[in-house]
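Here's a structure for you.
As written, the chain order gives the labels A, B and C, with residue 1 at the start of each chain.
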Amino acid sequence: MIGIVNYNSGNFTSVFNTINYLGYPLKEVNTSFDFEDCTHIILPGVGTFNYAMEQLDKLNLLVPLKQHILQNKKFFLGICVGMQILAELGNENGNCNGLGWLRGSVEKFNFNGEDLRLPHIGWNTLESIESNVLLHGVNQQDPSFYFVHSYHYYPSDDYSYNIIYSNYGYNFPSLVQHENIFGVQFHPEKSQENGKILLKNFCELV
Amino acid sequence: MIKKRIIPVVLLKNGQIVQSRLFKRHQVIGSPTAVVERLSNWSSDELIYIDISQHQLYDLSRDDLNQQSFSSIQEIIQQVAFKCHMPLSFGGGIRKIEDIDMRISSGADKVTINSLLYDKPNVVKEGVRKYGSQAIVASIDVKRDESGNFIVFKGGKHPLSVQLQDFVTQIVDLGVGEILLNAIHKDGTASGFDIELINIVVDLVSIPVIALGGAGNWEHFSEVLEKSNASAVAAANIFQHSENSYYKCKEYLAQQSLPVRFSSKLSNQSKNL
Amino acid sequence: MTRDKVTYCKKCLVPSYSVNNMFDDEGVCNACRVQEQFDEITPDFWAIKEQKFLELAERAKIKSKHNYDCVVPVSGGKDSYFQVHKALEYGLKPLLVTYHGNNYLPEGQRNLDRMREKLGVDHVVFGPSIDTLKKLNKGCFEIMGDMNWHAHAGIKTYPMFLATRLKIPLVIWGEITWSIAGMFDPEDYVQYNKRTVYEHDMRGYTVDDMVKRIPGIAYKDLAWLTMPSDQELEESGTIGIYIGNYFKWDPNEHAYEMQKKYGFEFSEKPFERTYRRMSNLDDMHENGIHDYLKFIKFGYGRSTDHASKDIRSGYISREQGIEYVRNMDHIKPNDLQRWLKYVDMTEDEFDTIADSFRDPRVWWIENGYWYKQNLWGVPSAYGKVKLKQELWSKYL
């Protein structure tokens, strides 16, 4: 049972529609009780780091998330801001604490003078796609996904996560995995075929 | 590295998709959603869907067509979002924050704002605050007159007295995420893009600029990518003129080694619609 | 727009709600504007257009090697002769492909049979079983008020399907069928695309719909309505072009030219619903009941369309056109009798079903009669209402 968290953070409908299209049993999650029969949890996210954390707190979802993901080790996929809040800290609108499940912080792209535009909007490719189970079957000729963000995850130096990088001025993490926890900076629900393959791979995890 | 985007634009007028010529003449293409399915089949990078209807009637009331009948723009957006498997921007008819709310909750990823930029900039700021800058695209209509001067038009119809450069700077201050630059004098002419205009705006801002107006063949697209730093090239009419059009455009640009997203995969289903 | 205040194009005769057309700010329709553009094309421009056709012909010849260079979809009509004539003129080896809908007039059938001999070309004629045709005739009339759906679908699908399977690189269609509504400009060089066929020729109905809604129709009965996939079209490199985009298109001239060159026959009897004698000999119902149903739905038919076309080409005046419309647009034609026997239906049943498709933007009911506005400014009655009483409310 795939649970998709609806915390008023924008793209719930697209994610829901795509998982539904793929044919997996799914449900909307917005109370702690909803988590019970889920085997997989997806946390979508558009908008700011701060707003996402505020909403999760307001809806009392922080405790059940910790319980079901960190303790019960259910599979978790955070999308865009849903991935960013996995970090310890974000500084989009002043400093704000994240879930802290991954060591590191979320900050704006820093190009050191290079003329690159923000937000980072559009299709960008992932490197070494064979290195992560979520990317099996993704088009090798064109391993691209749709990104739309100005901030990204900066892992701290002492990490042991499986990280896949994309390049925008420099290499930045576009996919992170730590045991049962996955985070993707891009939007698989908007990434056509490749996106569907990734979501299918996630739903198939046991 | 990020790819340059090629974005199809679809115009809705009074319940039908239309082509546009110089913002004046409109010719019928078909129903609100069939074009979306084809553009989706061809793996379009994004879709920009703009409502230029003059009145609120969206239903053609023809019983002899196997077409869903729509009684409101919201229904159309929901159906379009359902059939559109790529990021969707929706524009037209946005007058207040509730209009933005409705479009985003109906499935649009972004909204394009035109008249509101001039009439009610505070509403634009509110939209940015609520949904993030990446969800708000500023749509700017510019015409080059006979003397070569650039004039900004509100809603494509009303000339403004503000200078292009000043207007663009004001817009950026509102916090919008992208600019959709529409060259009125090129609209539907198939005569190529106005590269000079594109470069003026691109050089003024540090947010992505989408260039629209003038596409007549695939070389026009490569010209924009080679001679300007636009982040995306958009076109409306040309993608309705031949089979597998969008695919062929990408194929051409990839053959020119331009940084576009292209995979040679096409649908092998007999029934695409 | 209210029902009694319908407006008509200032130049031709079409009403404002005419199918796929739109009026501009000056009250002139897109079809007239597109014709103006065609008229403004200078000889230099026609030379450029001819050059584009030459390039397409060359591309076809290179790709085809020992195969046919092109498919020409033909009905045996005046346009068909012109299309083949042009292909031969430019050194292409054509394969003629006909969808035979079983509605040929005798002179139309003769014109079709004659093509191989008169033009010296190979010719494939395909026809679905009569049993399938009867079911589609009846079923599509009931579903969408168009018994000729099979023909629009078959004509537009079968030649592409065959060309793609046989890896023939070019399909040469004739008239840009949407010129009737001015949907594209001469400079668009519009090519065949599936969406247009699906939306406009097939009205959005697919094979799935037919199998679901018509008793006795299975997928195998419609195997001939297989559209090539996107992938197949790319692999075979087949593209469909319209000769009307490259050469001056004048159906009246063509007809006389083809008569002179190849003995093309005109209709023996005049048609009841249009004054033209060289159109649609391949399908007795196109000018007959199929068009009558257009009048039932939208309050205008072929005489409006043909007269409007001829006004645009300068053959007749607007006043003459109005006279044709006044006399012929509303006529219930005799081929109805053949059709009723063909599908085993009574005239009463026909009228009742037909009435259910009347457009409420056009028609209203007064004293049990159908009324609509007319070109000459005064509404009038057009026959008794046969529609079931419970469906009358939207017309009152």
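To be clear about the criterion, a contact is a pair of C-beta atoms (placed from the backbone, for glycine too) under 8 Å apart; a residue touches a chain by one contact, two chains touch by 3 or more.
The model shown is predicted, which means the values in this text are computed figures rather than measured ones.
Asks: Which groups of chains are still linked by touch once subunit C is set aside?
Replies: Once subunit C is set aside, the chains that still touch form a single connected piece.
Asks: Relative to subunit A, which chain has the most distant C-alpha mean position?
Replies: Result for the farthest chain: C.
Asks: Please list the single chain whose C-alpha centre lies closest to the global protein C-alpha centre.
Replies: Looking at where each chain's C-alpha mean falls, the closest to the middle is B.
Asks: Report the inter-chain centroid distance for subunit A and subunit B in whole angstrom, where each centroid is the mean of the CA atoms.
Replies: Going by mean C-alpha positions, subunit A sits 28 Å from subunit B.
Asks: I'd like to verify one number: the distance from the centre of subunit A to the centre of subunit C, where each centre is the average of its C-alpha atoms, in whole angstrom.
Replies: Taking the mean C-alpha position of each chain, the two centres sit 53 Å apart.
Asks: Please tell me the distance, in whole Å, between the geometric centres of subunit B and subunit C computed from their C-alpha atoms.
Replies: 33
Asks: Please give the residue numbers of subunit B that touch subunit A in the complex, ascending.
Replies: Its residues touching subunit A are 1-5, 40, 43, 45, 81-82, 85-87, 104-105, 107, 109, 130-135, 177-178, 206-208, 229, 231-232, 261-265.
Asks: Which residues of subunit B touch subunit C once you look at their complex with the stated criterion?
Replies: Subunit B residues touching subunit C: 13, 18-19, 21, 24-31, 34-35, 38, 41-42, 61-67, 190, 216, 237, 240-245, 247, 266-273.
Asks: In their shared complex, at which residues does subunit A touch subunit B?
Replies: Answer in residue numbers: 10-11, 13-14, 17, 46-48, 115, 117-125, 139, 141-142, 144, 146-150, 167-168, 187, 190, 192-193.
Asks: Can you list the subunit C residues touching subunit B in their complex?
Replies: Its residues touching subunit B are 20-22, 24-25, 30, 33-34, 144-146, 181-185, 187-196, 198-200, 203-209, 226-234, 239-240, 297, 356-357, 359-361.
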